[in-house]
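Pasting the structures here.
Look at the two complexes coming up: chain A is in both, with chain B in one and chain C in the other.
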Partner chain A sequence: MKKIIAREKLPELWKSLSELGPLFLPVQEGPVVLFQPWQEGAETNLDTTNTAVPPKDLFLPREETYMQYRCKGKELEVIPAEEVKPAVLFGVHPCDLYAVEMLDKVYMEQDPPDELYKKRRENTTIVALSCASPDPFCFCNDFDVNPAEAPGTDVMAQLKNGSVLLEAKTDKGKALLEQAGDLLEDGSGEEFARREVKTADFNLKLDGLPEDLKNRFEDPVWDELFKSCLGCGVCTYVCPTCYCFDVEDFGHEAGGERFRCWDSCMYGHFTEMAGGHNPRPGRKERVRQRFMHKLRYYPETFGQIACVGCGRCLRSCPVNLDIVQAIQALGGETVEQR
Partner chain B sequence: MSSVNVLLPQQATILDITEETPDIKTLRVVGKEGLPFDFMPGQCAMLSIPPVGEAIFSITSSPTCRECLEFSIKDVGKVSSALHSVVPGQQIGIRGPYGNGFPVDEMKGKDLLFIGGGIGLAPLRSLIGYCFAHREDYGKIDIVYGARSPADLIRKSEVQESWAEEPDTDVHLTVDAEFPGWDKNVGFVPTYVSDLGFKPENKIAITCGPPIMIKFVLQALEKLNFTPDQVITTLEMRMKCGVGKCGRCNLGPVYVCKDGPVFTLEELNALPAEY
Partner chain C sequence: MAERNLDSVKKIREAVSQDLLGGRISQVLGWEKGHYWWQSRPLFARSEADLEKLTWDSFCVINLSRYLLEELKDHEKVGVLVKGCDARAFNRLLQDNMVKREQVILYGLPCPGMLDYNRLCEEAGAVPDGIVENNGTVVLKTDGGEKEVQREDIMLDKCRECVYPDPAAYDQMLLSPQGEREAAERFKPVEELEELPADERFAYWEKELSRCLRCYACRQACPFCSCRECFVEQENPRWQGRAYQPSENFMFHLVRAYHGTGRCIDCGECERSCPVDIPLQELNRKLIKDINELYGDYEAGLDAEAEPPLLTYRPDDPAAFSEK
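Entry: the complex of A and B
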């Protein structure tokens, strides 16, 4: 099923789709673009390259209360949080959905599945938007990411000559387009334009890198690479394939809630145990953990490097200690010199 | 059950509390109807006490005990400290079981050498109880157990009376220094293991204790010609989820909470030494 809509009519479409549940789409917030719930008059921006933060928080929220507790005398009562409501994610670029596929492997395919994540995935209808042109930090070409096609999306969309062409890929996507009714015109005669999107070439040597890293836990590269790291954790915050979380209680002795929230392996307390022992006590160990997880540990379990070349860490790291720097230091020009 | 959020705890009730040492208590815990879940020796459970939070503890009772779960808990952190203040009848949160447990089937037909230090006896005790309940499946059992002082040994009467009376079983106790009234061995656990001169033939050694003790026990076992596949230990890491997702106990390609906490020395040697 293909449909088409003129861009000036999009606010009407937003309004219609938002009746299904919160509609998240790229919204201009001052200097940055973020996925935000649409509301009347929102300054949407479909022409943006990647948003500042990936939309992973739709499935793994920054903060998610999953139970309330009440204590009365010696009794403890546990009250599970309400079911999650349906949502629509509109305008996500393919690389972010390649990353969601990687999170799915951990959160849905690996036993036991994470029901909180799974329900949000199942209750969200996704409209992916193909990329028109990359920004200078995009390097998805290195990771077999096709900027024109998105895996697992319910609807594929493309901006085309002042219109948006939409094609349903799943039943969920079909239902979404049907919801819009007469707002959408028949697009069966339209074709998706073939576009070559050429991203930055950082000369990354990725073939065999996971295998190569198996014996490089003590490599001298790690003694140098971490030195500029400030431990701010922004790389994990903006990374679409980072998924670590914390679980905490908030409340008092009579009642409160238990929630989980994003956490970061770049923080010292992350692995610090009661009694003070810390298996990853310094920045060197933590920087090594993060890059080894992306480049060696995740690939060993799931068969692919946990990076999609979205470029957010290149944009965000205050000291340029991004994954491109790490891959170059580990396997770029230095590999022959080792 | 697949649609249940695995992070949700169930209610459990404290049956009673035993003060083992000045900083270790054993809690006996029961679910709504008997055991909260079935488990194998070496597996762990997440205990929680709001609003302090959750932490992971090894189950110290044997799965053959159908009455309750037991946890021997040392007061070292926020949650363990809160658990030291519970009273009988109080409800706490529990979820689990987590982890792989000891390879009880692979150990069949072997002689077993248990080496524990201090609170490190807790996970071993679950396996020891299991082996006694399936006595005909296992050969000679030696238990070396030590602590700083006689007052720091846990489950004293059980270790000295019940275990020592089991068939084909020897219990070897040691404390770090001389104490009035102490007539057993004096010396560190690794030294005592060397002195006892265990032979590695058809034997599996299972050890748990403070990291420094484990380090020297492994050296002692190597000198006694135990090979890495004959040595088993169980690791402790900070954990939040217990199901291999939150990232804290990630060690190379494994997650200690689901792929461990029990590893042979051979398996550990293949992982980054970051525990």
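Entry: the complex of A and C
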């Protein structure tokens, strides 16, 4: 099913879709573009290159309640987490969607699955937007991602001369387009422009890298690579394939809450044990862990390197220490000054 | 490619290599090029081959002094290239007793101000292929041709608003001084915020801080955040909750700003490091402004010998402790 809509009519479409549940799409928030729930008058931006933060928080919220409780004297009332409402994610780029599929392997395709993640994932209809103009930090071509196509989406969208062409790829996608009703015109005569979108290509040699890293835990590369790392968590929080969380309790006399929230392997407390021992005591161990996870541990478990070349770490690391530098330092490289 | 100032680079390399190869220091902290011509990243040079990579261009923005906190654990004495802000950062660490003066050789680099990648792109209308710097102007080269712009117009905000581009502390000054800059505008955003009623100010910060990911890049890049254990990580008592609540975001940023009162050297590294562009320097500048108004003009980091307003204790303090 193909549909088409003029761009000036998009706000009407947003309004219609948001009646189903929250509609997340790229919104200009001050100086940055972020996936935000659509509201009347929101400054949407479909022409943006990658958002500052990936949309992973739709499925793995920055903070998520497991359960709450209230106490009154000796009475205890347990309040389960709120039901997950259906949501729509509109305008996600192919790289970010590939990354969501990597999170799926961790959270849904293992036994038992993570129920909260699974519910959010299954309740979300995804409209992927083919990416026409990658920014200079994008390097998804290194990972054989075609920025124009997103195999796992419910609806594929492409910006086209003042219109948006939409094609349902799943039943969920079809239902979404039907919900929009007359707002969408028939697009069966329209074709998706075939395009090969070129991103930066660092010519990374990735074949065999996970295997090669098996014996390189004590490689001297790590002694040097970590030195510029500040020990902040930018890379992990802007990375679409990073997925770690921490479980916390918040309580007071009248009640409390158990929740999970994003956490980062770049933080000291991440591996700190009761009693104070820390198996990853410094930046070297933490930097090694992060890159080993991307380049060796994840591939060992799930068969692919946990990077999609979205370029966010290249753009956002305050000291320009990123995964490309790590891969280059580890030998999977062709170094060329750009 | 960004054209490197080859004469300056040569001069810097010569000066530091004498000390490094002569054994006075075992490491030099400088910059090397990153993946792109508009990025330079920290270089930890310990050999002649390392020094070959050393660069000095309009993208050496990363403040190197903070690395001393870690590097001095492994090295007895190191050299650091310091711009105006890096030198003030060094003085900050010195005043906080985090480093000893004799452990460090400072190579002073008067700073012309670093360039802003986003502004370069805006001005050029595309990502430039490279730039050529002239005196006071920059030529942006794109596929479509060349465009000459005023250097000032494509500088980072933090550099446009910098008053002291010349290093206030150094052992050797390697290039010619820039002189003090006029930066009358630096308190303007603060003044505008001060004009607003309290509830609007609150709404402003609530919105800005709502983007905070609590990645702590601002803290990690900051020369005044040199505590071995930050209050954020303390478990007992637990000052800072890990939840992503607006109140927790306020807690972190306001406490951090207060900890920097009279200590913030106005380098703007916090704001530059923020992945979601929260205007953090407005918080710090508010406190710099307050200190100036309450205790007289004081520029943190400019003079390591000057008494920091809130960090001194005297039994015969002339001011009453309370109004009672």
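Everything below uses one rule, namely that the second predicted complex is superposed on the first by the 320 of 338 C-alpha atoms of A that agree within 3 Å, B and C clash if a C-alpha of one lies under 4 Å from a C-alpha of the other, contacts with A are read in each partner's own complex, and residues count from 1 in each chain.
Here, contacts are C-beta pairs under 8 Å (C-beta built on N, C-alpha and C of every residue); 3 or more make two chains touch, one makes a residue touch a chain.
Computed from a prediction, not measured in an experiment: that's the story for all the values here.
Could you check whether chain B and chain C clash or fit when both are placed on chain A?
Once both complexes are aligned on chain A, chain B and chain C fit side by side.
Tell me which partner A:Tyr237 touches in the superposition: chain B (first), chain C (second), both or neither.
second
For A:Leu314, select first, second, both or neither according to whether it touches chain B, chain C, the two together, or no partner.
In the superposition, A:Leu314 contacts chain C only.
Figure out whether A:Ile5 sits in contact with chain B (first) or chain C (second), or with both, or with neither.
Touch status of A:Ile5: no partner.
Please indicate which partner A:Glu63 is in contact with in the superposed arrangement: first for chain B, second for chain C, both, or neither.
A:Glu63 contacts chain C only, not chain B.
Regarding the shared-chain residue A:Glu248, is it in contact with chain B (first), chain C (second), both, or neither?
After superposing on A, A:Glu248 lies in contact with both chain B and chain C.
Looking at A:Leu25 after the superposition, I want to know if it touches chain B, chain C, both of them or none. Which is it: first, second, both, neither?
Neither chain B nor chain C is touched by A:Leu25.
In the overlaid three-chain picture, find the nearest pair of C-alpha atoms across chain B and chain C and give that distance in Å.
9
Would you mind listing the overlap between the chain B footprint and the chain C footprint on chain A?
Correct list for chain A: 246, 248, 250, 263.
Tell me, which parts of chain A touch chain B in their complex?
66-67, 69, 71, 74-78, 80, 106-107, 110, 112-116, 217, 243-253, 256, 258, 260, 263, 265, 270-275, 277, 279-280, 285, 289, 292-293, 296-297, 300-301
Which of the residues in chain C end up touching chain A in this complex?
Per the touch definition, chain C meets chain A at residues 1, 33-37, 39-42, 44, 62, 66-67, 70-71, 127, 207-208, 211, 213-217, 219-221, 233, 241-245, 269, 272-273, 275-277.
Which residues of chain B touch chain A once you look at their complex with the stated criterion?
2-11, 48, 50-55, 76-80, 87, 89-93, 211, 236-238, 240-241, 243-248, 250, 252-253, 272, 274-275
Which bits of chain A are touching chain C when the two form their complex?
Listed in rising order, the residues are 29-32, 34, 52-53, 62-63, 135-136, 202, 224, 227-228, 230-234, 236-238, 246, 248, 250, 259, 261-264, 267-269, 283, 314, 316, 318-322, 324-325, 337-338.
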